[in-house]
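The two complexes that follow have chain A in common; it is paired with chain B in the first and with chain C in the second.
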Partner chain A sequence: MENILEIKDLHFQYGEIVALHGISLSIGEGEIVTLLGGNGAGKTTTLTAISGLYKGITAGEIYFMGEKINGTAPHKIAGMGIAHCFEGRRIFSQLSVKENLMMGAYLRSAKSKEVADDLEYVFDLFPRLKEREKQAGGTLSGGEQQMLALGRALMQKPKLLMLDEPSLGLAPIIVEGIFAAIKKINESGLPILLVEQNVNAALEVANRGYVLETGSIVGSDTAENLLKDDLIRKSYMGME
Partner chain B sequence: MTTESTIIRLVIGALMIGSVYAVMGMSYSLIYKATGLMNLAQGDFLMLGAFVGLTFYKTLGLNIVLSFILTFIVMFALGYVVQRYLITSLLNKGASFSFIILCTSALSLAFQNGSQIIWSPYTLPFPAIFDTGAVDIFGAKVAPENLLVLFIAAFGAIGLFLFINKTKLGTAMRASALDQTAASSVGINVQLTKGITWGLSAGLAGVVGMALGPVYGVYSTMGAMIAQKAFAGAVTGGYGNIYGAVIGGLFYGFMETFVSAYLTTTYKDAITFAMLIIILAISPTGLFKEKVIE
Partner chain C sequence: MKAFISKNKWTLLLLIAATALMLVLAQKTYYALIIALFGIYAIVATSLDVLFGYTGQISLGHAGLFAIGAYSSALLTIKFGVPSLLSLVLGSAITALIGALIAIPASKLVKHFLSLLMIAFGQIIYLIINSWTEVTGGSLGIMNIPYLNVFGFEVNSNLKGAIVIWVILAIVLLVKHRIIRSRVGNAFIAIRENTVAARGLGIDVQKYKVLAFAVSAAMTGLAGGLYAFLRGFISPETFNGTQSVLFMTMLLFGGITTLAGPVIGAIVLLLFKEVFQTFSTYQGLIYALFMLLVLFFFPNGIIGLYKSGKTAVMKLLSKRAEATRNGGAENAEN
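Up next is the complex of A and B:
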């Protein structure tokens, strides 16, 4: 199986502060891979490094579909097919739901049939968005904003979807819906790199996981095994 | 002349200058919204546009429509270059916003002095554009060049409005203004959209300046006072709110026209700026609050 994303010995710093000490990881076709770890472990940093939003890579390589992408401008990385759903969602608050979604398709021809089909797909996945098509993004509830952020990312027709804390601050019932959607999105074959505080929910949908601690990978295994792992259960799931 | 026709003449005059303030105010707000900056050389883009337009129309003898189009293109390019190569390189060196605003102030002086060297330190006449004399509008005699200013400014304002709200690139500009990181993550080249924003606002100012040529003549400081009034209009309308800028601009256009007609021409500017101070004292964010400022 060819890897969609391959990170080799990646070092990253924010100014003087070293955030990643040489991590290596990979994502295969159609996989959901999750990054586990406490606050400040380097999960979000890893996503930021991949999408090129902060220039802090000091060593190592990131390959996306066989091509080295570190050092590439973020809008070009997006154009290559990596969609990044941010922690805190970061939808365009004063743009309408439809405009937000169409901005996802910014690099594609807005009038093409494919874009129209994808919009239909997003609306099928999240009927709520269809109902609120004309409303400003900022007026949506937290759960709806998360749907919009996911929808906007899907409108990019990405080859890799990166999700940062999609359940953050949402009610359990909404979280369930979001994870069901993630599962459904992945079933269409889209590989997903998932960062999630809700370790249990993340491992339920993921194929594999990496455990990060203060900028280093300290373990990796199948999701099934990680769920059974005592240390994981104790450290991240609050179970004795 | 009847009082009625006087009032019509004044209203047209107010609309003319008010729409100039409006479109200039919009360009201030546009730049603020898209880049968080204030461009103190905005009035000089207007002035340069007048000189460039004069060169195309009079010196090179080109057709008026072509001259307007070329002026827009030249000024767009200048605005784009200023943003991409001057402002961006300052930002990359870590310059704070106040230094960049100061830099645009220096640019303003450079443009004014440069225009004196390249063209003239005196007021240059801009030849009449139309063969006909004054046009009769409901009994009021109005120079067609004044109507052209109104037309160009209104066309510019409406065009800008449609561009920002109805086109993909315009939506991308708004998206970049709201959240640069999220914008680049969907593939928008934020630096490019910023450059285009500056280009557009310089291009618009330029064609308005060229249209004003036949009305006021062309001189190196012609943009300065217009820019101040437009700035007052933009602030009154809620800085960063492009619709507010239109209303603010028209407001000052009407106020100064009627104040000079019925009260005093000597103190019309003093009254304009006193009005600005009063409005800001009452409502510090302007009449229409703009979220970006908060």
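Up next is the complex of A and C:
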């Protein structure tokens, strides 16, 4: 099976500060892979290195569907089919829900049938967004904004979806809904790279996981095994 | 086109009424001059809206671009004998090119860094036109600029100037509307709203920021050329830093991201300037007061004030109508 994404010995620096000390990971077709780790472990850095939003790769390679993408401009990486759903959501607060979603389809022909179908798909997935179609993005609740950010990423019709902390600042019941949606999105075959502080929720939906600590991968296993792993349970889930 | 007309019917009606009124007033040549200047400044304020209102890039150096348009159009005609209409177009193109060049470094800056760069740009242009005496005439400026000639129609009076300029303003507004409604406009708005997200959605942020600068500069350069041909005389004082502040004040006062806002802002501020001509020493102070007034009391400008007022009235009316309906229903039941 060919990997959708393959990272080989990636080093990343913010100026003088080394954030990643040579990490390697891969995502196969249709997989949900999660990156676990505390604050400052390098999870978000890994995502921004992949999408090219910050420059700082000092060594190593990133391959997307067999093609080397490090050094490529971020808008081109987005165009190749990597959608990055940002931490803190970053929706367009003054634009309406529908306008936000249509911005997601920026690189596609807005009048095509496919885009209309995808809009329907997003509205089916999150009926709440359909109800608030004309409302300004900034007036939505946190959970709705997360749905919007997810929906906007889906409108890119990506081949890989990267989610950064989708549960951040949301009530448990809302988190449940978001993760149900993530599961459903993945069932359509879309591979997902998930960064999440809520380790339990992440491992519930993921196939595999990598554990990051201060910029290095210290472990990787199937989600099932990680859920049982003593170290993980103690370090990240506060369980004995 | 139909949708455009129905959506902007009040703006258009207002425009037609204003045009009629102005045509009457313009019988006096002084009024005609003021009306022509309204149009010129409205083009500049509109160009700033493309840059600041839609793309979120601030410029306090547009007087520099205005100067480039004015001087290059005038010099092309006087020194090289280029027909005036062609000079006007070339002047606009030269300004667009210089705008794009300055945008390449400028587009990497945001907020106060960008505004400082643009202030510096305005100052540099001001210095150049002041001291490059052999070409620009230095502080004396350029005199005897010929009339604009539009396909044989010589614009040799302020009244004719006013008409031509307002027609050009209408074209500029239409172009702006077209750009904003297009994919390019979407990219501009996405960049203003959230640059990182825009990049993540596949928008080439740098390219569109430079494009916004070029479009804005082209419009301002065009206005500069019109100014030169209208007045027949230009000198550095028209293009100093205060002028850049005036342009920005016009936009903020009128209201950003609307068609009518910059036009109204330009008219109000210019009227103000004419009425209080005697206080010219304090002009900078007055603009600053205007800007504070806008920022504190109606941050969305006159147009924003009008819109929120309209929404409030509509709400009140619909409430009243509902109350009457409910009252009526109750009465019927009784």
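Basically, the second predicted complex is superposed on the first by the 240 of 240 C-alpha atoms of A that agree within 3 Å, B and C clash if a C-alpha of one lies under 4 Å from a C-alpha of the other, contacts with A are read in each partner's own complex, and residues count from 1 in each chain.
Basically, a residue touches a chain if its C-beta (ideal position, glycine included) is under 8 Å from a C-beta of that chain, and two chains touch if they have at least 3 such contacts.
Everything numeric here is computed off the predicted structure, so don't read it as measured data.
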Side-by-side fit of chain B and chain C on chain A, or clash: clash
Which of chain B and chain C A:His84 touches, first, second, both or neither: both
Which superposed partner A:Ser112 touches (first chain B, second chain C, both, neither): neither
Touched partner set for A:Thr222, first chain B, second chain C, both or neither: neither
Partner chain(s) touched by A:Pro74 [first = chain B, second = chain C, both, neither]: both
Offending stretch of chain C which, after superposing on A, collides with chain B (from 1-9, 109-117 or 325-333): 109-117
Contacts on chain A seen with chain B and repeated with chain C across the two complexes: 51, 53, 73-75, 78-79, 83-84, 86, 90-95, 102-104, 106-107, 110, 152, 156
Touching residues (chain side chain A, partner chain C) in the complex: 51, 53, 73-76, 78-79, 83-84, 86, 90-95, 102-104, 106-107, 110, 152, 156
Residues of chain C touching chain A in the complex: 183, 186-187, 189-190, 193-194, 196-205
Chain A-facing residues of chain B, complex: 168, 171-172, 174-175, 178-179, 181-190, 291
Residues of chain A touching chain B in the complex: 51, 53, 73-75, 78-79, 83-84, 86, 90-95, 99, 102-104, 106-107, 110, 152, 156
